[in-house]
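Common to both upcoming complexes is chain A, partnered first by chain B, then by chain C.
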Partner chain A sequence: MAAGHSALLLDGAVRDWVFIPLTLAIVLMKLLTQYMHQLFNAPPPNNKDLKEIREMQALTRAGRLRGFGRFIPETSFKMRKEYFAGEKGLFSQKAVTRSPQEAMATDPSVMVDMMKKNLTGMVPQLGMGMVVNFFFQGFVIGKVPFPLSPRFKPMLQRGIDLASLDVSYFTSLSYYILLLFGLRGAFSLVFREEMVDETAMMQRQMNPMAANPMGVDMDAAFKAEKAALGQVEHEWELESAEERAVEVLRRQLKAKKL
Partner chain B sequence: MSELELEEVERSLRNAKGVPAADKLIKYLRLVRELHVRDSPTVARYGNILLRHYKSHLSEEELWLVHEQVAVAALDAHALPFAASVIKAINRRFPDSVRARRLQGMYFEAAGDFPRAEEMYRDVLATHPNNEMALKRMVSLERSRGNPAAAIEALRRYLDTFGNDKDGWEELAELYLEVLNYRQAAYCYEELIMMNPGNSSFYTRYADVLYTIGGATNYKTARSYYAKAIELTAGGSLRALFGVLACAAHITDKVALQDARSRAQIELPEASTQALLRIYRTHAPDKLPFVEPLLAKLAAGQPGAQ
Partner chain C sequence: MAPKRQIKGGSIQELVNPSAYKSNLQALDFLRNFAAVIAGIVVGICGVVGWHGFIYHFVSQLACAGAMILKGCTKPSQYFVSWNTLLFHSALSSTTLLSFILFWMIFYNLCHVF
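And now, the complex of A and B:
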């Protein structure tokens, strides 16, 4: 297809009433999303309960007791073991920390949080998609200044099914999608704070469980740690400390006079 | 490496005529932050210069980090008016930040206005009950009030939740020693030994506490821990060497020469004495006349000699 031969003349009204309003609408929507995101995310996710922290830290402590308990005397070791893994020990009680599934079922705020995230992410996008579909459908609004292979047709000419149309023309719907994802870079220059990341947001929507890596099944962790502690026999590392000390001193004394 | 760098920067700052260069000041403060050096008067002086002359040389983030650092240093150096001005600037920039309010509380502490400081921290804790900084400030607040019992209570509550805080356990051990509660202090040192099994000073201090509690078992355990400290320091810890001798003087039961362990127990005091004598001979020969009779007494089994 020779360029001059089939050049399409686009009406100036398309530029004034489709191209410019569409661009404006997308930029404004992005701004709105950004501010909504900031608004909803204002309280930092520091809502961990003291008791939950305590349980996490207790697990670490118990792990350390298993690893380095040989450095303290046996009675002290047994006392701690009893505290963690005894009949009435910490790990025999039910954990306060709830698994994410449980938290979701019982705590409405988790659901609300997720709703908010969806609200800021998905709803404006859907709405915009509908608006664009309704008002700006079926316009060819521009031409990329370079030739493209026919494979780009579904990407650039969404909404128009014209086999004879040159691939380098793009339609309003494709332009919308292009801007939607392409503006992120430009926006991140303007906003110093973290931008709403669409890709991350989509990931979150695909897999809400993976989005919350802090969710640990504390009860299972308690059980495992209790069993592991029960296995450990105390072997005092300092049983032979005196021998080694004597050896060290002897070697020192034998060595050159300081 | 970095310490050497810090020294170098500090030297060049000291030798600078007039107002030192901005990049040197920034580098110095950054190194102090990274290495956790506590040289408050110097930090406050150079921070003052930096904030007065070269504010624009710092990026937004670092500018406020420096503000915080300089504010704490100024409080530590008791330069209260200067600290107040810096903290005011921070408060203007971050009106509802918890970190800013901690600084305010610390200012009240430094100024001796404990009730207002406490009010400040309680305020923070009401909204952020798991704020470590505020919880720890409460401990230090009670300590400066001269109320170790309350400080212990606050610190225990803190450690019950944040049981992996090494500095917290160290502080608690000291507090317990202050109120002569040796058993609890021993517990803290056990916790510290587990956190850092390579640090000889915890072994020595733990042994000290055990020795102070007394009793045949504790003397023996203390001896083991002194021995471990000797092993870790390659015989360089005088406290551990003396400790072994003091414990040996208390342990009266006879050990038969059966195995390697009991032989070591018999030989250890003698070896420690030799080591001590050698160290004194090389490093402090003038003290030998005092040390020799002391060691002789200890060897003869008179613990009171020390």
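And now, the complex of A and C:
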């Protein structure tokens, strides 16, 4: 094989038996993964009872009160604040919701859920990678259309130790990885809604504790919300509405005059 | 492409209708991805070799802004937050770039290497 410059002539058989089937196989596998993900991630049976739901709603309501308190008069705001953060208020009572650690230990459905997520996520991709590596090893499959520096050689040409082979040629394993990443974009065209986000899943794999979306630690959340409610200052928007209206009118008149 | 809805732009305070804004951005995203794929296929079939092939990708991304304007977005400040959002929202994102590279590679290999 000539060093570098002359173009390698690749056999048509490589194209027929490797390039096209590999592409098709990966596309189909990704489709399968996507559908399995959609099927398995139908909303899990919500086995929370009334008290837990009530507490979560109370947290939401308190947050809303903090955010939009300026739309209600002062006494109403104070009444609500008292209900949540007062001496005998909601947030002073002990939360009924279990913390996530207990939930994970006692609730088998959580384990099944996590296993399902793992199964439809990384495992088929890793498996496919091994299959590709096993079957299509040791030869060059195609050429990258732009020149690359020699640093890319080990990345693109695993398993081939020819020093004189042009860096632009790549093997099937690197082609597999490129397909995995490149098809994300093409698939987001077909599936308009949330795609299997691999980077997010990989991060979740590294961080199994942070991944649990259920059961926020309710006691800590209550304390935080109580402190936040204590800090918020209330100012009824109606009081300053006249001044703001005057501002608006003035600006409009100025704009019209010009 | 998803139909576009107008976001409310108040005169004193800017009010943004979040679901409309999100659907506008999604339409732009969809268009950008589509343009990246088509540009990759065209560039691959033409057999462009070398780093200047990427220029076609960036040109097609910026042309998406022009396409959006044709589609009815006459005042970008009303549909998107600003001109910059329309031009650069996912123009440099890695998904579009990787899709472009992938399809460029596939079609270049299919037509010119074998």
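As a working rule, the second predicted complex is superposed on the first by the 163 of 258 C-alpha atoms of A that agree within 3 Å, B and C clash if a C-alpha of one lies under 4 Å from a C-alpha of the other, contacts with A are read in each partner's own complex, and residues count from 1 in each chain.
Definition applied: contacts are C-beta pairs under 8 Å (C-beta built on N, C-alpha and C of every residue); 3 or more make two chains touch, one makes a residue touch a chain.
As the structure is a computational prediction, the values presented were derived from the model and not from experiment.
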item: Chain touching more of chain A, residue-wise (chain B, chain C); value: B
item: Contacts of A:65 with chain B and chain C, given as first, second, both or neither; value: first
item: Partner chain in contact with A:54 - chain B first, chain C second, else both or neither; value: first
item: Touched partner set for A:242, first chain B, second chain C, both or neither; value: first
item: Chain B versus chain C as contact partner of A:73, first or second or both or neither; value: first
item: Chain B versus chain C as contact partner of A:147, first or second or both or neither; value: second
item: Partner chain in contact with A:23 - chain B first, chain C second, else both or neither; value: second
item: Shared chain A contacts, counted only where both chain B and chain C touch the same residue; value: 248
item: Of all residues in chain C, those that touch chain A in their complex; value: 12, 26, 29-30, 33-34, 36-37, 44, 48-51, 53-54, 95-96, 98-99, 101-106, 108-110, 113-114
item: Partner chain B, residues of chain A touching it in the complex; value: 46, 48-50, 53-54, 57-58, 60-61, 64-65, 68-69, 71-73, 76, 237-246, 248-250, 252-253, 257-258
item: Chain A to chain C touching residues, read off their complex; value: 7, 10-12, 14-15, 19, 23, 142-147, 178-179, 181-186, 188-189, 192, 247-248, 251
item: Chain A-touching residues of chain B, taken from the complex the two chains share; value: 128-130, 160-164, 186-187, 190, 193-195, 197, 221, 223-228, 230-231, 234-235, 244, 260-261, 264-265, 267-268, 271-272, 274-275, 278-279, 282
